[in-house]
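To start, I am sharing the structure in question, which I have written as structure tokens.
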Amino acid sequence: MSVDLTTSLGSLSLSGPTATASGCAAAGKELAQFGDLRTLGAVVTKSIMKNARSGRATPRMAETPSGMLNSIGLQGPGIESFLEKDLAWLRENNVTTIVSIAGNNVDEFGELARILKDVPGIGGLEVNISCPNVESRGQVFACNPYSAAEVISTVRQEWTNESPILAKLSPDVTDIVEIASSVVEAGVDGVSMINTLLGMVIDLDKMKPMLGGRTGGLSGPAIRPVAVRAVYQVHAAFPHLPILGMGGIRTGHDALEFIAAGASAVSIGTVVFGDPSAPWRIANELGQELATRGYEKLTDAIGAAHV
Amino acid sequence: MSVDLTTSLGSLSLSGPTATASGCAAAGKELAQFGDLRTLGAVVTKSIMKNARSGRATPRMAETPSGMLNSIGLQGPGIESFLEKDLAWLRENNVTTIVSIAGNNVDEFGELARILKDVPGIGGLEVNISCPNVESRGQVFACNPYSAAEVISTVRQEWTNESPILAKLSPDVTDIVEIASSVVEAGVDGVSMINTLLGMVIDLDKMKPMLGGRTGGLSGPAIRPVAVRAVYQVHAAFPHLPILGMGGIRTGHDALEFIAAGASAVSIGTVVFGDPSAPWRIANELGQELATRGYEKLTDAIGAAHV
Amino acid sequence: KLEAPEIAASVEPGHFVAVAVGGVGGGMLLRRAFSIHRATPNESIEVIFASHGQGTQWLVQQKPGDVIDIVAPLGKPFALPRQPVGCVLVAGGYGSAPMMMLASELKKRGCQVEIILGAATESKLFGVLESKAVADVVTVTTDDGSSGVRGLVTDVLPDAIKRTNAKAVYACGPMPMLKAVASVSKEHDAYSQCAVEESMACGIGVCMTCVLPVIGDDGVTRMVRSCVEGPVFRGDRVRWDDVDTIPSDTLGAPVVGGH
Amino acid sequence: KLEAPEIAASVEPGHFVAVAVGGVGGGMLLRRAFSIHRATPNESIEVIFASHGQGTQWLVQQKPGDVIDIVAPLGKPFALPRQPVGCVLVAGGYGSAPMMMLASELKKRGCQVEIILGAATESKLFGVLESKAVADVVTVTTDDGSSGVRGLVTDVLPDAIKRTNAKAVYACGPMPMLKAVASVSKEHDAYSQCAVEESMACGIGVCMTCVLPVIGDDGVTRMVRSCVEGPVFRGDRVRWDDVDTIPSDTLGAPVVGGH
């Protein structure tokens, strides 16, 4: 008996349960040699900003126990080039695409939404508020309920089509449910969680932080328990809020933990670096995990670990 | 050339750089078969509460990638029995002892400080504010600058001897420097960081959270980059504040990362479960790491990764 | 089979060994606990284990000659009777691991020894032949009847107790079995010694993960560490129905948060 | 030596392989990159590696017959000249790994080939004999003079270029060496092709960790991925002095936070 793995994020229906994670699959093209992107739930593109951006100085990564630290610094070509090259390619290849956007201030998010709202081939918007707000001493939008809500309501106003807006939440907060409720009030259609945890590795030979950006984002299986907890808390508070779950998913078993905690679909990030075919493999494994537990539809397992 | 590994936490001088971590060595006795406790910097005892406490239901732990989740629930015999049996034994054996205390409300912390202040054989107090405040809907003291400060100033008033008071900080906050400054203002002598991160593992066969307490604390090498970052941030903000660093320390190399980030000494927690002799082994390895880098005294390396 | 000369000498039936898995730099921090099956002084100790999750799967892949990092002997062994009384040993699945050592120890003391081995199915039975070599009588039960008597060990336990006029019953296996054995023993005025299996983080008594509710000599229930105060407990002292809970009359109950 | 029939067939000099380390459930998530030393079509590929940290230490412990998980061939190989021109190949330490394959490829095309192998000391030299088998002339340099000429590869490079009237210089080794080779080549009007070694998380172009500042055909400096647009770059296009920085005139500089 094969399990029905189709699912949805608000108004966006997904042909599969696994998506790529923003920043862990560029704009999909490089992954195409490892599997058919159309069979994935979605490709979530690297967060794009208005202008081209060089990112942070290298070294940009450090391996850590069951995880890694990165400080890419949102390197990207800027929205124009992204539309011409990357999005065009994804559209031509009929890939369900969720575009991740990032801004240095609230207005930039609004501008990006305005530019994107009429562009064909966009299945949804992931608003990466887990980046620093240049206008408030670099505090991360997602770490402040007001800035988080401000970004989302601005995007909401611009976003005049019905494909979903997802807010990408950061775990580096005292109370993630508080942040979630602020973006829900601001009119978000769903949330993506979690982004990386702020971490640091020190190069003891150079006696300074290893990364060019000094601190970096911790990702990978090491953070999975934090991610599952966050998804569980937010689903408990907002049972009907669609959640794209992520954080250290390596197997179908891991993925099912997120589904059972309340996610409607999952993103595969860091694990792709070690296993480029992971998004497809994990979807298959998830099907088996569900089958052995007697599920006929993935959607029946969403939030199953509550009660 | 052997390196001078002696160090100090405020007025408390330590004969070695490694201490046990609260809750990871009970009251020391069980570790004595694996090494001489007097050669350790200190034994930090399991957080003790006023009354006996049964802790949480089992299962109380789950292994996670390069880490573990625990929900012990502060099981303990209560302060009286602790003084009679545990502390007495530590005193008889001349073990440098840092007593960790925890309370359900601010007053309980004060009471414990009052009871302990005249007891001989206490090298310092570690105030575990990373536990729920029963009187404010179970919010963790360490997650709120006001409650954190309230606990510390209350303990400070009772604590009429000069051995140091350390506040045990939680990483589950938006801005750990804010919490640190609030306890500094409240008159703390130093900080211990970090406590565990809130996490969850789901038992997919029972389709419910694996731990009896549902959520648990994530510890072990998985969280080390978060801990190093936290120590680095707090040392940058308060260069003269003594820090007892911990979080996933497995080797002398790891320990030196904490020292370089700004810790004056380190606690070894989860890794002790896999290697009971770790506190001694790591002290030796730390000596070698310092020697190969030309250090003569550990204290010269404190905060070396700044600038 | 692990070569461990010094350790083997001091092993008693019921002791367990904590084995590091996954290798250095691996993702698994915690040791795996296994009952010691056989200990040959100045030579080696042996364990019997079932491949279960990641750690035991790793163990299975190790080749003879590979070096394994262990801590042993750990825990409180089975308490042995002073008189040469009748004894029944009950094992479920790999719970038979410590029983042969125990049986020969008891025989040395002149006890009459019966062993009951139970499992879901034949393939899950361990040490049937070994048992026959040391015990006076061996009875096998399987849930599916694929070997020996169809049914549970407790179905055949009463007769065994009567036959041997047993004063002591020793058990190792899953919790439900231990619970049943404890009550059957009690009905027949026999002391039961049950080796429990709680998941353990440290195995040496410092972490408090391995607790279960046990009634003390003072009649008070406490959450007791099975790694140092067990794994062997008196069957009549463990509150079997309350395992994985905190009985409201436990010292220090009820619980309020914290970890 | 890794058996990988399908992959080997498509390998060109300069390609690299990404090797998974630590085993499943291990703590190491990222693959390790190694230049492909030799590829025998329908059979195997070989790498030369130095035991460095945890991952390579794990690799060293693997026994013949163990299964290794690899992704290859990756990266852009060395660009080969159309004409049979003179070529000098410069390698530092294990940087010699890809050079023999490259040398024989060049010989096939009728090029005259000189190889310069440099290292800190003799024990760090790789493939001296192999080089002699494929190249017309092989020069060895060591910093300590323990083998060959005492000094740096760049001390002997100019003569080699002159001798062969080289139009192309190929280099693989540490950044400082690559930088020096690039400038010496430029002085002698020879194209240089340098294989860089930036730490890589994914090796397939999706993560942006492996970048360095490279000048494009349009004269604009960009942070370019060395895993897909490299590891081989034109020596005159890499801004060697600015590696590990973001030159202020880079497209999209300066940086503001975020990760």
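Going by the order they are written in, the chains are A, B, C and D; count residues from 1 in each one.
To be clear about the criterion, a contact is a pair of C-beta atoms (placed from the backbone, for glycine too) under 8 Å apart; a residue touches a chain by one contact, two chains touch by 3 or more.
If you're wondering where the values come from, they're calculated on a predicted model, not measured in any experiment.
Note on connectivity: the fewest chain-to-chain touch steps from subunit A to subunit C number 1.
In terms of the stated touch criterion, the partners common to subunit B and subunit C are A, D, listed by label. In terms of the distance between Cα centroids, subunit A is separated most widely from C.
More C-beta pairs in contact connect the chains of A-D than those of the other pair, out of B-D and A-D. Averaging C-alpha coordinates per chain places the centre of subunit B 47 Å away from that of subunit D. Inter-chain centre distance (subunit A to subunit B, centres taken as mean C-alpha positions): 34 Å. Note: centroid distance subunit A to subunit D, computed from Cα atoms, is 35 Å.
The geometric centre of subunit C is 58 Å away from that of subunit D, both derived from CA atoms. Multi-chain contact residues of subunit D, defined as those touching 2 or more other chains: 25, 27-28.
Shown for subunit B are the residues in touch with two or more other chains, namely 65-67, 216, 220-221. Viewed as a network of touching protein chains, the structure reduces to a complete graph with every chain in contact with every other. By the touch criterion given at the top, residues 62, 64-67, 69, 143-144, 172-175, 197-202, 204-205, 207-209, 215-216, 218, 220-226, 228-229, 232, 248, 250, 253, 256-257, 260-261, 289, 293, 304-305, 307 of subunit B touch subunit A in their complex. By the touch rule above, subunit D contacts subunit B in their complex via residues 25, 27.
Looking at the complex, you find that subunit B touches subunit C at residues 23-26, 30-31, 46-47, 51-61, 63, 65-68, 70-76, 78, 102, 104, 131-132, 134, 138, 196, 212-213, 216-217, 220-221, 270-276.
Within the complex formed with subunit D, the subunit C residues making contact are 22-23, 25-28, 54, 58. Chain contact summary for the complex, subunit D toward subunit A: residues 20, 27-31, 71, 198-199, 201-212, 222-223, 228, 243-246, 250-259.
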